[in-house]
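There are two complexes below, and they share chain A, which is joined by chain B in the first and by chain C in the second.
Now for the complex of A and B:
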């Protein structure tokens, strides 16, 4: 009986489609109090005064807090952010005061009654402005901020982190290059637009225990940071994560949990709920990072890449959060999936007065890929070479080295096979630019992808397996179900190991940090690989225990036994055996004697042989596994007004081993849709005062179902030797090659280089006109 | 959440509605009529619209549905855009209103609300302008009928306490040919950068435009010029002489792009009329 490679329907599907699945904000209780926050109307300003005298007197109001009441600094890597602004605000939408009241209505009313006076400061609206010699400092006290070693802030500037890659000899690399291109690229900060806005509920029990329910992808990170920020004993913190209505990275790290805990503390530990409104979720909570980048790329006239010199200036916004690690991840993967012997990269995480950035699907890789994939097409043009051929020629493979000089091992996927398959699906050889009779232009663009998890070297996962009376299995793992279908994939992995029907495996959906085995975070597309490995290890542990008890009953050596299909039996005499159900909770002899006790399978996995990177050269081995793939887009452009439709989006990914084909396809289609939306039409619009003009869904437009192209998805399966059944991560990767592919298609269609997102028809039209 | 208290009234007929309005005004309050409520809810929630009382017109029967009699087809102002689109008496009305919002929101937005609300686009107005519709306006002194093209100048001129009951279109327009072009920034479910609606009948080409300027318009001067000038290039070159206001520039698009869209769309429409005899 096989469970791997079968499209099992996800466990929560029925409740989801019937609207019965409960999300955090669906829960209520009679003792609940409600929080609300007052946000800044300025992007950069001194706070002259905050008058809470009216608000505190209002009916139902239990507490009103301002920054001065909360002398903390949050930050997952770099402690730069007060929970409520102290002395000054650094972005439009920053929380400046908070209210707790008996009802949401009363809390909101009290927020309206808080009066804040500001004295505007010079606003920094881009990384370039922030890096200017004369730029004002957004964080004057950067030298006092605590940070982890891997992050290198530069006090006295607006640089929160700089990561350096120095591989080979860049000077020599360009000397050997016959053709060199040089280009700049950019896109503004934007938002994840998860369907569910962030929410958190906190209460402090009588014995000091803190219970937090949160829309979090990273309950163990929250627990850990609660200890780090507030000095509370981590064993006294319980973080519970329920069903999540879309994470995309935006619900990793610490979100509302720290503030809602402080609100609960202000009302003697009573239970307080804090839920983002849509506009708060878009601009007050962190979103997708912005970027300005420069690249010089050199190749021989045969198209062999020789040198890449890359400068990333990430727009972190007002605080560092995950952005400092995103800028680091982008440096680590800066070349994209190409073999380049000489690489120089400086990746800067730059403070601006924009809403701040956090993890976003792709984590540094969608950003770097836009730069490198556009550059590859520009280079191909200059070489008079087919861009697919250029990619095939330089595709990274086993034995090549990454920008951090780490060798691609025997688990390396087959990028060339992905490129060929995607080219075939999109019909590359049937023409990449065709003018139809009505004057419309159909054009195709290509973009490759690679991604490794950006995570600590000791990232781990754990699993526990218990049994029911019928021999069925309960799987308990700390990876959060955020829509990716991971719990179902886990059931398949366990079912495969035991040779039982997947319906005989039950998965615990919620994650509770007090009862679930430790798990780093549901991020970095590592859940399937690491959680999967932990589950396999728990299965093996359980199987050993089953054999141990059965060996006594069957009077044979343990090593002669096999567990499969609900039975434990002698390998070479299959008729001698027992049902697993008779052993799993302890075996009972006919006379009533019992032995063995219940089987509890314990499993764990910790990442293998990872290191940090050298601060001067970037040398090191930070990547657990690289997922490789190739994507392409076909557009139909009206050359008159430059409006366009996306006809097709294709992706081939080397996933190692398909666990659940339909869900894998769904993840990849979803990734492509998200990236098409991002590159076609998303991005915050700012006025010169740094205010976000499109902070609602009336004005911030995401892709609609009717805009969806035909999606073409295929897989290559080069096993990941250390992955569960050979599988590797695929959750985020579908986004990565798409922005480059779309920009390449439009550039080809209109004969103008498009290097700035979003690719709105007006921006295409203007650039073409300006280029003559 | 709407963060302020307000009174709510749901009158059963025109008279009662007008009286409630007059009384509220007399009491020093700031009342507002509404029907679908999509603008009222979103704008009140954002704090960009304030009122002391809402008067819900949905219960007024003669504002609902459409009916045909000897002098034309009557459209109640309470008809939702989807109802208007599905009525099919004038497919052109369906073609135009189907571009507003998405299907779900069109179940709420009404003809009256789209034409009288705060948002400046009022695209549902375009076919009624072209069809020389009569607009029925009610107030404390009862109901009156006015030619829409006279009553509408930048916006519908309503006195305090007046509201639109419905529209009537003469049956002869059923035979007129029509076309429209709508341009958006990126998503089709967005406000128009430009929406040109046009019909052609025995009187010639008629054109109404939304999105280009701060308000929708139908320009008789433009129509006269277009119908008297055979050369399309010449028309495009001179067209801004007949546009009643400056071309709009906002977060959705620059004026230059709107102009470019207008010129290429108008050219396309005229080209197509050239083929239609």
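Now for the complex of A and C:
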């Protein structure tokens, strides 16, 4: 009986199609109070006054708070953000005041009655503007901000972090290059658009314990940060995460939890719910980072990459949040999956007056890959070389070194196999630019991907296994189900280990930080690998306990026993054995004597041999594992008006080992769709005052069913030696190569270099016009 | 035209049952379903009629319950996801893995169910036209397309 490699239907499927699965905002109780927030109408302004006198008198209103009431500054890496703006606002949509009332309507009405007077300041609308000598400072008091060592803020500037990569000799690298290209790239900040907006409920119990229910991907991070931010003993904080309606990184870190706790505190610990409206979810809460980048790439005339000089200027928006680590992750992976001996990279996280950024699917890699993959095509053009051939020639492999000079080990996936398979699926050799009789142009574009988790060196996972009277297993693990299907994969991993049907494994869906074993966060595509390892270890621990009890009953050495298919039996005399269910809760002899007690399997996993990086050179070993892959896109463009359709999107990924093929395909297709949407048509539009003009789903257009291409997905399975059954992460990776592939296809189709996203027909047309 | 002032008791016919609720004339149908009647299957996604997560049926036609007032629903037959059990489209959604996080799923299913009843032989163009009023952010829509095709077969007895 095998459970690995089988497309088991996800455990919660029936509840999802019947509308019975409860998300946080589906829970209600009569004792709830409701929060609402007043947001800034300016992107950068001094707060002259806030008048709450009318709001506080309104019916049902229990509390009204402003920044002056909350003297805190938070940040997961850099403490720069007050929960409610103090003295000045730094982005359009920033919270300036909050209300707690008996009903949502009363809270909303009171928010309307709060009057704020602003004195506008100069608005910084891009990293380039922020880095100008004369630029106004967005955080004047940066030198006072607490931050972790890995982050290097530069007080007196708008730079929140700078990560340096210095590998080889960049000067020599360019001297040895026959062909050098130099280009600039950019895209604006955008949003995750999870269909469920963020929400949180907090209450403070009589003994001071704090209970928070949240739409969080990272309940343990929230618990820990509650301690760090508010001086609360983390043991007194319980964070509960229910089913999540999409995260994509946007629900990691601290979101609404800190503020809703403060609101509860303002009403004597009563239970307060705070739910984002869609526009708050898009601009008040953090979104996807923006980027401006410059690259010089050099190669020999044979196409061997010699040197890369890269400057990333990430648009962090008004606060640092995860952006300072995204810019760091982008530096660590700055070359993309290519062997480049000489690398110089400065990755800057730059404050602007835009909505701030947090983790987004791909975490630095979708961003860096757009730059690298476009640059590879531009270089291929200049070399008169096929872009796929150029990629094959330089594809990273075992024994090569990364930008941080760590060696790709024997667990390195087979990128060349991925490139070849994707080229085959998209029909690369059948022509990459074909003009049809009706004048439309069909063109193809290619883009590779790589990704390593960006996470602390001590990132861990834990698992506990308990048993039921029927011998079935309960698996507790702190990874959150956000739609990726991880709980089902965990059930498969445990079922495989015990040789039982996957239906005999029950997975606890909700995560509760007081009862679930510690788990870093549902982020970085590390859940399958680390949670999977913890579950395997818990299974082994449980099996040892089952054998220990059974050995006494069967009167044989433990090491002669085997647990499989619901039985514990003597390996070489299989008929001698017991059902696991008779042992797992303690064995009872016919005379009533009981032994052994219940089996509780304990499992854990902690990342191995990771280090930080050197502040001057970036040297170090920060990557747990690299997932490699290759993607391609085929478009059909009407050259008359530059409108286009995406016909096909292809991806081959080296996933180590497929645990659940259908769910893996689903993750990859979903990733490709998200990235197609992002690169084709998403991005905030700002006016010169820094206000976001498209903050609803009518004007901010995401991909719809009619826009979806045909997907071609395949896998390579080079085992990850330390992964569960050889598996490695794949949740985010599908997005990474797509923006470059789409831009390459459109550039090829129209003969115009498209280096700035989003690639709307209008922007294509304008660029072509400007290029003459 | 009927006018409403202040809180009013409404009797709504939902999933074949008569349900009473005291509502304000400006309460949306979505709000009343979720907060007053405990039917939380319809989800708020944008509360602006853009994403389709709140889709329910009114006399068999899909409507976005976030931009319908509860008072407008009086006298109509309302069907929510809680009113569907083991329909072809629900079975097909499970079999084709047509969801990940599941938040958009009730809305998608309601819309697709109405389409299958209204235009059982809907072609690709019609399917795209109907289902473009819903956003799914997790899947690439392929599984949803397959589920609809499968439900058409199941419903057609093929």
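In the analysis below, the second predicted complex is superposed on the first by the 772 of 772 C-alpha atoms of A that agree within 3 Å, B and C clash if a C-alpha of one lies under 4 Å from a C-alpha of the other, contacts with A are read in each partner's own complex, and residues count from 1 in each chain.
The rule is simple: a residue touches a chain if its C-beta (ideal position, glycine included) is under 8 Å from a C-beta of that chain, and two chains touch if they have at least 3 such contacts.
On a predicted model such as this, the values are computed, not experimentally measured, just so you know.
Applying the stated contact rule after C-alpha superposition, one finds that A:448 touches neither chain B nor chain C.
Of the two partner chains, chain B is the only one touched by A:761; chain C is not. Applying the stated contact rule after C-alpha superposition, one finds that A:310 touches neither chain B nor chain C. Touch criterion met: A:18 reaches chain C, while chain B stays clear of it. In the superposition on chain A, contact of A:646 is made with neither chain B nor chain C. Within the superposed three-chain model, A:486 lies out of touch with both chain B and chain C [touch as defined at top].
In the superposition on chain A, the chain among chain B and chain C reaching more residues of chain A is C.
By the touch criterion defined above, A:673 reaches chain C but does not reach chain B. Once chain A of one complex is fitted onto chain A of the other, the partner contacts of A:706 extend to both chain B and chain C. In the superposed model, A:694 lies in contact with chain B only, and not with chain C.
Residue overlap on chain A between the chain B contacts of one complex and the chain C contacts of the other covers 696, 698, 702-704, 706. Chain C makes touch with chain A in their complex at residues 34-35, 40-51, 53, 80-82, 84-85, 90, 93-95, 97, 99-106, 109, 127-129, 131-132, 134-145.
The part of chain B that touches chain A in the complex is made up of residues 1, 3, 42, 46, 102, 183, 185-190, 251, 253-254, 257, 260-261, 264. Residues 7, 9-10, 12-23, 25-26, 28, 192-197, 243-248, 277-278, 482-485, 649, 662-663, 666-667, 669-670, 672-674, 696-698, 702-706, 708-709, 711 of chain A are the ones that touch chain C when the two sit in their complex. Taken in their complex, chain A has these residues touching chain B: 104-105, 108-109, 112, 640-641, 643, 680-681, 685, 693-694, 696, 698-699, 701-704, 706-707, 758, 760-762, 765-766.
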